[in-house]
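Each structure below appears as structure tokens.
Same chain, two partners: chain A is paired with chain B first, then with chain C.
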Partner chain A sequence: MENNGKVIPIHAEPYGRSRQAGEAQDVLSHLVEDFEDNPASMQYFYDLFRRVYCHGEEVPHRGMLVGTTCIQAPEELIYAFGATPMRLCNGSYHYDQKGADFMPSKSCSLVKATLGMLSAETQIPKVGKPDMIVNPTTCDQKKKSSAMIGGMGYKVYDLEFPNVKESEASRVYWQRSVRQFAAELRTLTGRKLTRKNLKAAMEKTGRAQAAFRTLHNFRRKSPSLLLGKDAFLVTNAYFFDDIERWTLAVEKLNEELAQREKAGFKAVQSKAPRVLFTGSPPIFPNLKLPLLIEEAGGVVVADETCSANRMLYDMTAVDEWLVNDMVDSLADKYLKPCTCPIFTKNEDRKRRLLALMRDFNADGVVYQAFAGCQVYEMEYRSVAEEFNRMGIPMLYVETDYSPDDKGQLSTRIEAFLESLKNRKKQRA
Partner chain B sequence: MKYFAGIDVGSTAIKVAMVNEDGQVAGVHVTPSGSLFHRNSLEALNALLGKLGLQREQVSYLIATGYGRKLFKEADDSISEITANAIGAFEAGKAFGGVRTIINIGGQDSKAIQIDDSGNVTNFVMNDKCAAGTGRFLDVAARNLELDLEELGDFHFMGSQAPLNINSTCTVFAESEIIGLLAKGHGKSEIIAGIHYSIASRTVRLAKRVGIEGRVYFDGGPALNKGLVAAIQDELGRELVIPAHPQTTTAFGAAMLARSEFFAGQSLEIA
Partner chain C sequence: MNSTKPRLQALRDAVNHVQFNRFRFWFQFAAFVLFVYGGYISINLGSHMPFFSCGYNQEGRAGVCYLLPLQHQLGQPWPRLFGMAGIAVLTGFLMFALWFIVLNKGWCGFVCPLGTLQDWLTALRRRIGIRYSTYSQGQFAQLTRVKYLLLALLVLIPLGIGGGLFSHNMSPPFCLICPARMILPMFTGDFSQFTVDFSSKTSMIMTATGVSVMSLFLVGSFVKKRFFCFFCPMSALHYLLSKPALLKLKKDGSKCTRCGDCYNVCDMEIKEIADDVRTANIMTDDCTLCLKCVASCPEKGALQASFAGIPIFVSTEEGFIKRMGKGAHHGK
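Coming up: the complex of A and B.
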């Protein structure tokens, strides 16, 4: 028979068969099944990720949906206008590859994956078309991605963010920028910002942050009650889950951890090296590094990343007589405690890291820098100098979302944990 | 007499080292890894036992290391090759007045390790994803030049001209550079010296990332290549300590650890 050839049209795979869902499924089953004694109340999160990432369940939202590409977008304001914020930062390797159509291939995996996800036909998680995407002008790559997201047909709002943290000019600039954002939200939603609504929004995020902080403090305990891979999953869920539902689930987890503590439970061996995690954020399904650490017998006890601790640690509790003053104070809360490396100087980050080392009784630090995430790569030097001076061991890992380097990384991580153990032994 | 073994299941070769109760090397054995890691590891262990006239039962503790360490279930314990290498170099380096920096070039990777005065790893770096500038690179180059791997070292010193520039440490690109140089009629010695310098400068860059302190110990199979040793010394501007058995330092480290873990378990005082 003669073969005339034919053109095969591209068809979007259904959720269950997409590579992104496969990737998520893979990480989830590893994270759940390859570890013993997962807390029963983690089931809520395992199920949530399975539904949203593997089965394409739509993420819940009330009112308008406002996507955010960074934690510097004040979510209290979005809630106050009756809308729902959703963090779009993506962790999928397959979207990272897709995103290379938009950005140089050597740029940050996180930014590329987010672009890849937004450009995809079947998005995971399924965000549909947010009514607006707010893009704080923090690092260069996020800055430049804004026009590309706009080019895909999304409505993008650039939230202007300063480069210097300490100066009064920056503070005033940022306050004006946040006020402008509030005005934009008013136009978008057709609602008015009132003191009452803003207070209610802060109470809502405040409850979530309080629940997080309780969880965070449970991780001080030695031997650990909870593995870092689960803690990262919990904070990752905050990106897209309904905030009240999320808070309840974390409170339930906290109750279980309290029981575990009472029962003298150990999630790891008592001599397991305790690791503080910092640098480029682990975002599901890219939990490569935390999982490698915990597979090798270490435990991540705390982190200084914008997908977990930095996102939820600082509670918003501002109260002023006038709503405009409240917005200004809210802006301060987003600027002052921020330890993102995009700032010129970043003494606060070093202080925060040292405090976490001390409070969480950590043995060493793992510093993740995504290849192409220049600010983290550059800031490594000054952090390393400080840690060297304090005699704190640190492992610097430059990596990306690709699974290629897992074999090599596992050797490096094991060696690092072995050296931590050895130090511990000699001190004892 | 009790014996303790370390087995280093590497990407290219399997190395076994045996030490006695006093920490003296009883013997070493090296064999290619092949495709059947597990079987070949067992055979390597048995070969060394045979050579030393020992029974398996006389080996009181066995530690596996190297990329294949998890596959060798007969071991009592496993440890990463970085820690094992550090212990091996620390112990072997005592004879040279102590070492603080270790450069290791293996079959498919290279690493630099810094240790403190008690032998603890304080810092280390490994080459990134690819096998550029490792033993595999020498292997391919030797094949291009129709020489045995063992001959490269001597050829290094035989040239009358300056070493040629090999720009790439990527095995694939370097291969075409080598062919190009041969086609232009350059001598093998100059090409080989160029290859050694290309690996050396990459390795020294790696070592500088970890920070070079004290005496520098160079091990791994490629340390048997005198030409490469000379090139690294030149690039580094420092002396190198080359042990008697550079290929088995890591296996020796694992064996020494096996010994101390065994005695720690017995809670006996060890010297």
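Coming up: the complex of A and C.
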């Protein structure tokens, strides 16, 4: 009667949200409830994910919204133009299945989930429709997503990224590419890039990075003060959270860790095997592997992934604080230290892994490759050879966002951790 | 014993966290004053200075650049040069080497008045807000050889003069074209070097070249950081002797992430400082040992300056964050 005979539209939305929310809820409750002694200051992050992922709450942002599909898009530039960056890489199995319409079946879950999220009617995290999406031309799957994202009605900007990083030619090419990106942002926002606003933006990111580095350094302590699942959650929040609020929350967490250190607190047993995590990035709610490791009594002490360490670790140095030099310095930071497997050579990745092993006193490595993420799959061999040579045990796990392999993985991880423990015992 | 260790560590931390650019500015300023005006208070450190403390600044100099006496000595008639005078040349060189060994190329980055002057021109440009220019890698590879060529000429031409092959009007050949000869005396009010000598064809060519080089120097150093140092024959001579030097720039490649921060701030555009992770003794022939790379390295212990094997300035994360944060604030 009330509808006057109109057909009530069937929304996919509530169903989708509930499935997506269910997945997030499930991971979050494991993450929080399976462990005792979670740091009190982690509550901010638990609540944040609960509100945003489970209740679909909106995340407010300032100015225009610029989506990024990769860490290679310089966020300082986006902030300088008064816009807010938002990392679109997604970790939801629900969106992964939706995204399967766009990509061949054997492609990377992350790319599929991102496409699935962008094509969905309700997008979680709900930050809003990006005014532009920056797509750095890194791996093939991301490159090819560009046109698909464009096809969904988004404005896409392809940020040209070189695939050799040693040569000076690529450095110059990339610096030019970043300058073009700045020009594009200028057209988009109608604002100007000035020394003042770029400085302010770099300070903002710099402070966040300094907070991250402090957190990172606390993880060197043995026995650990903080679990890896929490560290991943913290860096995952950086994707969409307000940067200043995020930094404050991390600084608070750091204070708590400093107190924990003073009090001689142990987040794990002294003998817990220390694991270095590398490969395809864990992104909430796909924290399957780190969670399995820590539920089995191990602890992820460091990582070499683009959802955490690689995203926040390397800092920018500027010689002359003029716009030109600042932009070029930023470009350098986003290219030179990058250990992404899309490059021709992976010497830096191997060196970074060995340095992390040494500095974080790790016992072994877990290498996650998303099925279909060819570059990580292809680099497995050379990385394994390097670790073999150094006598470092490594577990290679090919997986995706589906929860189906959890049982099988849990057995493998338990066995791996057991072998690490035995090695430790024999050495002692 | 227990109290000295933390105190030493505290001192080390204080040094490693220093606002390096400011420290270096004042150090260079003091050195400039000393070597350009020290002569007025009768400071004389001899004539074997391993940097451009120009001898033509007759009243103010506190020591003389070794290249001046070297060229004069090599320009003696051959019978004398290859006789007893040769011993004087050798002892002179030894004195020079002893001075050099103390600071290595640190003389360039911290003491050389001509180097300091270039840094001031750079500062002027920066204040105006003009961007510096750079060389491409190809140009760099070519230009870096020029200094060796100049060094060879600086030795061969005086020898030729002594052997009667060239005119005496060419002596001392490098000084005649060196920008320091005209610029540094100007700081004590002596503009007499600022001339083209028309007394002979050779003099005219040499002094005219000198004036052009000086103009090039002023323009060049305004647009390019440490423009002249790429061509400096003293720098080439330094490099040949740098093995036993006490001040050293060291790199621990295993701690380097190749982020390129050091390369980015390097006035001399030395790519190896970032990309070479194998060489421990990382000072190259173009390096001026200004240590800006150490100050801009965020990785603890990846780069360090050591004196006689003792680390004196080491890269640290805290120092980096402090310095870059300060940098971001300056001018506010």
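As a convention for this text, the second predicted complex is superposed on the first by the 410 of 428 C-alpha atoms of A that agree within 3 Å, B and C clash if a C-alpha of one lies under 4 Å from a C-alpha of the other, contacts with A are read in each partner's own complex, and residues count from 1 in each chain.
The criterion applied here is as follows: contacts are C-beta pairs under 8 Å (C-beta built on N, C-alpha and C of every residue); 3 or more make two chains touch, one makes a residue touch a chain.
A quick note: this is a predicted structure, and the numbers were derived from the prediction, not measured.
Room for both chain B and chain C is found when the two structures are superposed via chain A, with no clash between them. In the superposition on chain A, contact is made by A:Lys336 with chain C only, not with chain B.
When the shared chain is aligned, chain B comes close enough to touch A:Gln426, but chain C does not. By the touch criterion defined above, A:Gly407 reaches chain B but does not reach chain C.
Contact with neither chain B nor chain C is seen for A:Thr187 once the two complexes are overlaid on the shared chain. Using the contact criterion defined above for the overlaid structures, shared-chain residue A:Ser270 touches neither chain B nor chain C, since it reaches no partner.
Once the two structures are overlaid, the count of chain A residues touched is higher for C than for its counterpart among chain B and chain C. Seen from the CA centre of chain A, the centres of chain B and chain C span an angle of about 120°, rounded to a multiple of 10. Shared-chain residue A:Ala210: touches chain C; no touch with chain B. Of all Cα pairs linking chain B with chain C in the superposition, the shortest spans 26 Å. Only residues 126, 129, 131-132, 136-137, 253-265, 271, 274-275, 277, 292, 296-298, 317, 320-321, 324-325, 327-331 of chain C touch chain A when the two sit together in their complex.
Contact residues of chain A toward chain C in the complex are 166, 168, 171-172, 195, 199, 202-203, 206, 210, 213, 217, 313-322, 324-325, 328-329, 332-333, 335-337, 348, 351-352, 354-355, 358.
Here chain A touches chain B in the complex through residues 393, 398, 404-405, 407-408, 411-412, 414-415, 418-419, 422-423, 426, going by the rule given at the top.
If you check the complex, the residues on chain B that touch chain A are 67, 79-83, 109, 118, 120-122, 124, 126, 128-129.
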